[in-house]
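Look at the two complexes coming up: chain A is in both, with chain B in one and chain C in the other.
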Partner chain A sequence: MRESRSGRRLWPALAAPGTLWLLALFAVPFYAIAAVAFGYPDPIFRSPVPEWDPRYWDFTLFTEVVQRSLTGDLRPVFVRTLLFVGLALLLCFLIGYPVAYYLARYAGRRRGLLLALILAPWWINYITRMLAWLSLLQDDGYVNDALIALRIVPDPVRWLSGNPYTVVLALVYGYVPFFIVPLYATLDRIDSRLLDASRDLGVGGFRTFLHVTLPLSRSGLMTAAVVTALPMFGDYFTNTLVSGSPTTTMIGNQIEFYLLGGSRKEIGASLVLILSFMLMALMAYYLISSQRANRETS
Partner chain B sequence: MTRRPLFLAALTWLYIVWSLVPVLIAIQFSFNDGRSRSTWQGFSFRWYWGDSGSVVSDPSLRLALSNTLQLALLTTLVATPLGVALALGLTRWRGRTSRAANGLMLLPLATPEIVMGSALYLVFTNLYTLIPLGRTAQLLGHVTFSVSYVVIIVRSRLHSIGAEYEAAARDLGATPMQALRTVLLPLLTPAVLAGALIVFASSMDDFVISAFLSTDASSVTVPIKLYSAVRTAPSPALNALATLLLLGSALALVLAWAVLRRRRGVAAGTDRAGGSALREMASIDV
Partner chain C sequence: MAFHPRETRGPLIASGASPTRRQFLQLGALAAVAGTGVLAGCGRERPRPTPTGEQIVLSRPNRPTRLPLHSDVPAIASGLAPEKGGTLKVFNYAEYLSPDVIKAFGDKNGVKVEITTFTTQDEAIAKLRTSGTNFDLYFPTPDILAKIVAGKLLQPLNPSYLPNLRNAWPKLQDPFYDQGSQYTVPYTAYTTGIGYRADRVKSVPTNGYDLLYDASHQGKVYILDDYREALTMAMLRAGQTDVNTEDPAVIKAAGASLASLVNAVNVKVGITAYQLVPEGQADVHHCWSGDIVNAQYYLPEGTGAEVLGYWYPAHRKGAVGTDTMAIPRSAQKPVLAHMLINHILDNDVALENFSFTGYQPALSVVTPEKMVADEYVAENLTSAIVTPAHYTDGLQELQLSPAGEALWTDEWAKFKAGQ
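Our next item is the complex of A and B:
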């Protein structure tokens, strides 16, 4: 299309307000994390003073926090976060894959209804969904009533006082819808003739799944894992709601504690930076490998 | 097609029951006639508009509800025009700066809320100190995470419209601005409406950004109220509050779906703004 001079100016002018907004309220705030983490303590009040000029950044405190995370008192928090998120992802896979697979391959006429029901949790407020479980998991709630009636346990299970299994299950409950949807989108695109071909060649259902379906859904699995892992790593509210005990503290809880609770905001900022680096590495791995996959298929 | 595997069907329905029934029970107990959230004592609306402790009579619950609605409305009013303009600009404007701006627009979609919340909290307490934490800061934060949703939805519609209508208008002598106003914007209306409704719903549902930028009781929103009161002062009134929130966001999203449904071709993209955004990020040249 021929572009006149006014056209050349119109489009950047339209993009400018939104871009400036994001610069001022997304890019600059991100920089503020670094400025606080690499700042210095006020000589009199001992409160953290942010350093905006990178030439004067002081890394001693940040290195200290990294040390504590790798070998010191914060190490268990990091290990626990990785463990909880890893376990939750595994459960998301075990629950989410069959559901997404059924939806994509066999739902037939009921697909619209099923999809609506599976998407419903996206629209229901996260805190509301947790609140629902909080009353079910009370000592005298429906879950304990059912377990005792079925004689699975003799006494009520104390689900809500620092039980790590409750935290992992709550994370799964919270985020599994985000796992199912991108996976479904990928499984839906798989050409069913490939699966028929595999069966025609005499390969059993399970081996077809293992050697045809699973490899073909790799990109969807990666997207699903990233989409669920990113918010799980930063989650603190699930943990506070269903446990609230220091025995299940995750990175998010520590960040919330240092930033909103105490006066050591620079430690909170350092932890946010460490978490961001971890997640950026995850993201970079995802982007590079999905790009490679794109290139292979095209 | 082979026969339906019963095992998978059972698992899928079990999953749906597991994911939705707890919420239905929570809604049911908002209509409980007693104080309990686990023993049913008959049907009543007392926790909605009763004389004491209900959503209507408790000032703190009422304030949370009105804060949430105001915040969602203002966020929608600011984020929608910003996002529509940004989508138009980024789609038609070519060049290095445009690509950088596009990357900046996609980043909030891939940023965990706690990182964005911490960043906004630190910038408002250390740099933009003219804006105190509270409702204004919450509005600025909500707009920041909402703009990208609007861009993604409007842009997918822009791509399906193509450049032909606009080119035709230009050939007939319209200036770029006229072509935009008389041809492109009317075609974009359903996507703009859907974007606005999705922004409204996601602002109502947001917890983390609101919580990091709130100060005291004056800036409490419904999710914050639910979060802080559920352990300290549980009451079926909280369930009633949650039910009202659910009703609000369900209404907004059903409307958005209906608006998009009328135009074929765009509906698929919006259901998974997050996922498609990630996929879009995957296709950017690094």
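Our next item is the complex of A and C:
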């Protein structure tokens, strides 16, 4: 293809809005957080003063926070966060995959309606929905009434008394539609002739799923996992609402404490930086593997 | 103090992630880079602004402070006519001033009164420091006064506009944190104690803090989500009364005491005692006196206030706090602001305001007997009314040095990590 001189300028220009967007909403705030984390306290007000000039950055505090994250009091919080998000993702997969599969392959004319129903809770504010769950999950709430009436449990379940399962379930509840929608989009694009071919070759339904559908939906699964996991990692209000126990503290809660509860915002900024680096590592892994998946499919 | 009874927390966008093993390694590498200062040129010394002459004094009841006056920040002259028209801007915690009270004041003086809210004093200070913003009336806590006066964010008050200051507790007409009431007048007073369900607590021990450690309330015990209040509670329970201590051993012991609550009762942290106790989600909740006053209005239908209880140490060596009103330097309507302060210090107006906020004014008119007779609180909750004697004997959580502050916050973070 021959490129004209103007074309060479046009294509990069088309990327400009995206570049500006990235600069304004990611690079600048990120730099600001770094400037706070590596800055110094105001002598009178003691609030952190951002140091914009990297030549004067002070890493003492940041190093300390990294130490605490690796071996100190923050380590169990990181481990717990990873565990909770991992469990929640697994549940999202177990719940979300069948739903997305059904939507893509068997829902037929009702597909639009079902998708709308899945997204319907999003018409109500997240906090409002969680508050509704709080009254349902009370010791004498409807959930326990139902469980006791059905003789599933003999005594009320203490859902809200610092129960880690409640936190994981709440995370799943909060984010499972984010999992379903991208997965559905991928499953919907799988060529049904490939599945027919698999059956023609004498492979059963389950093995077809395992060897054809599942590998082909890999990129969708990756997207769904990333889209669900990122907000879960930073979530702190779900935890605050349904638990509040130190045994379920996630890293978002510690960040919230340092940024809002105390007078040491620079530690909160350092934690945000550490977590951002980890998320970036996660994103890099996702980008590399999705590229590889694309190469394999094409 | 870290959290104020009126502080609420809105959603904050925080992004975070947990590490995999490989990320831990990457992080370690990063730390090494940071630690050894390999990043070229980083970590150089730069001349920092230093406090000019004035030292920030940590005021204490036994070490009263006369806040400095600045020649470039004068008080308004006496006898000025109130400003006409426009908007009087009030800067306060949410739900901390009765809308009826300010509406009545606005109607009488031909001004629109507008409330802007903040959630923490840190946030409020940041806003007051932003050039171009102006507020006429602001509600600071005593612990931050030294720095905001040094930072010239407040203007001195002119007492000739404030005859109602005589209604305040005598001790607060000349408080230790602002001798001579140069910059502030008192607003509310509260204690920190133990709120409980009287119908579920068999008997209250002499050391009422033990209720929080009682295993029979497993899963139904809350402490305040506030590092100063929570650690102070543990100190007071152990008989340690210097609640502004910077002794690492004392702070550590308090942290260990809190940590023991995790196994004993699976303790939870929260700041909504006014809801959780009346609704029954909490049996025992470390809380502010205002919480239990407000709890009366959150009781389910058919449940009376007799199910509520509030314990505060009988010897009155418990946590106590007061709030103040002040006029920012940037005020556009300082005369009207003085008049509004005087209005809020009026006995009847203050009581009307109390019935809205649940936090009592620090005025002599408030006595436990009168509050029960006038039905502000049920008879079994008179312990939630603060008297001048409570204030004199009580212990206040005040500003710490930066190093002390770090000890307290880190101890709390360790407790919250729940290991």
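Keep this in mind: the second predicted complex is superposed on the first by the 255 of 298 C-alpha atoms of A that agree within 3 Å, B and C clash if a C-alpha of one lies under 4 Å from a C-alpha of the other, contacts with A are read in each partner's own complex, and residues count from 1 in each chain.
Simple rule for what comes next: a residue touches a chain if its C-beta (ideal position, glycine included) is under 8 Å from a C-beta of that chain, and two chains touch if they have at least 3 such contacts.
Remember, it's a predicted structure, so these values are computed and weren't measured experimentally.
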Touched partner set for A:223, first chain B, second chain C, both or neither: first
Contacts of A:125 with chain B and chain C, given as first, second, both or neither: first
For A:174, select first, second, both or neither according to whether it touches chain B, chain C, the two together, or no partner. neither
Partner chain in contact with A:63 - chain B first, chain C second, else both or neither: second
Between chain B and chain C, whom does A:254 touch in the aligned arrangement: first, second, both, or neither? second
In the superposed arrangement, which partner chain does A:82 touch: chain B (first), chain C (second), both, or neither? second
Touched partner set for A:138, first chain B, second chain C, both or neither: both
Chain A residues touched by each partner, larger count belonging to chain B or chain C: B
Which residues would you name on chain A as touching chain B in one complex and chain C in the other? 127, 138, 140, 230, 233-234, 236-237, 244, 252, 255-256, 259-260, 265, 272, 275-276, 279
Under the definition above, what is the set of chain A residues touching chain C in their complex? 40-41, 43-47, 51, 53-59, 62-63, 66-67, 69-70, 73-74, 76-82, 85, 127, 138-140, 158, 160-162, 230, 233-234, 236-237, 243-265, 267, 271-272, 274-279, 281-282
Chain B partner, complex, touching residues on chain A are 1-2, 4, 6-7, 10-19, 21-23, 25-30, 32-33, 35-36, 50, 52, 95, 98-99, 101-103, 106, 108, 114, 117-121, 123-129, 131-136, 138, 140-142, 173, 176-178, 181-182, 185, 192, 223, 226-227, 230-231, 233-237, 240-241, 244, 252, 255-256, 259-260, 265, 268-269, 272, 275-276, 279, 283, 286-288, 290-291, 294
Which part of chain C faces chain A closely enough to touch in the complex? 2-3, 9, 11-20, 22-24, 26-28, 30-31, 34-35, 37, 39, 41-46, 48-51, 56, 119-120, 122, 125-126, 129, 147-148, 150-151, 218-220, 222, 225-227, 259, 262, 266-270, 279-281, 402, 405-406, 408-410, 412-419
For chain B, which residues are in contact with chain A within the complex? 1, 4-5, 8-9, 11-12, 15-16, 18-20, 22-23, 25-26, 29, 37-38, 82-83, 85-86, 88-90, 92-93, 97-98, 101, 104-105, 107-108, 110, 112-116, 118-123, 125-127, 140-141, 143-144, 147, 151, 163, 166-167, 170, 175-177, 180, 201, 204-205, 207-208, 211-212, 222-223, 226-227, 230-231, 234, 238-239, 242, 245-246, 249-250, 253, 271-272, 274-275, 278-279, 281-284, 286
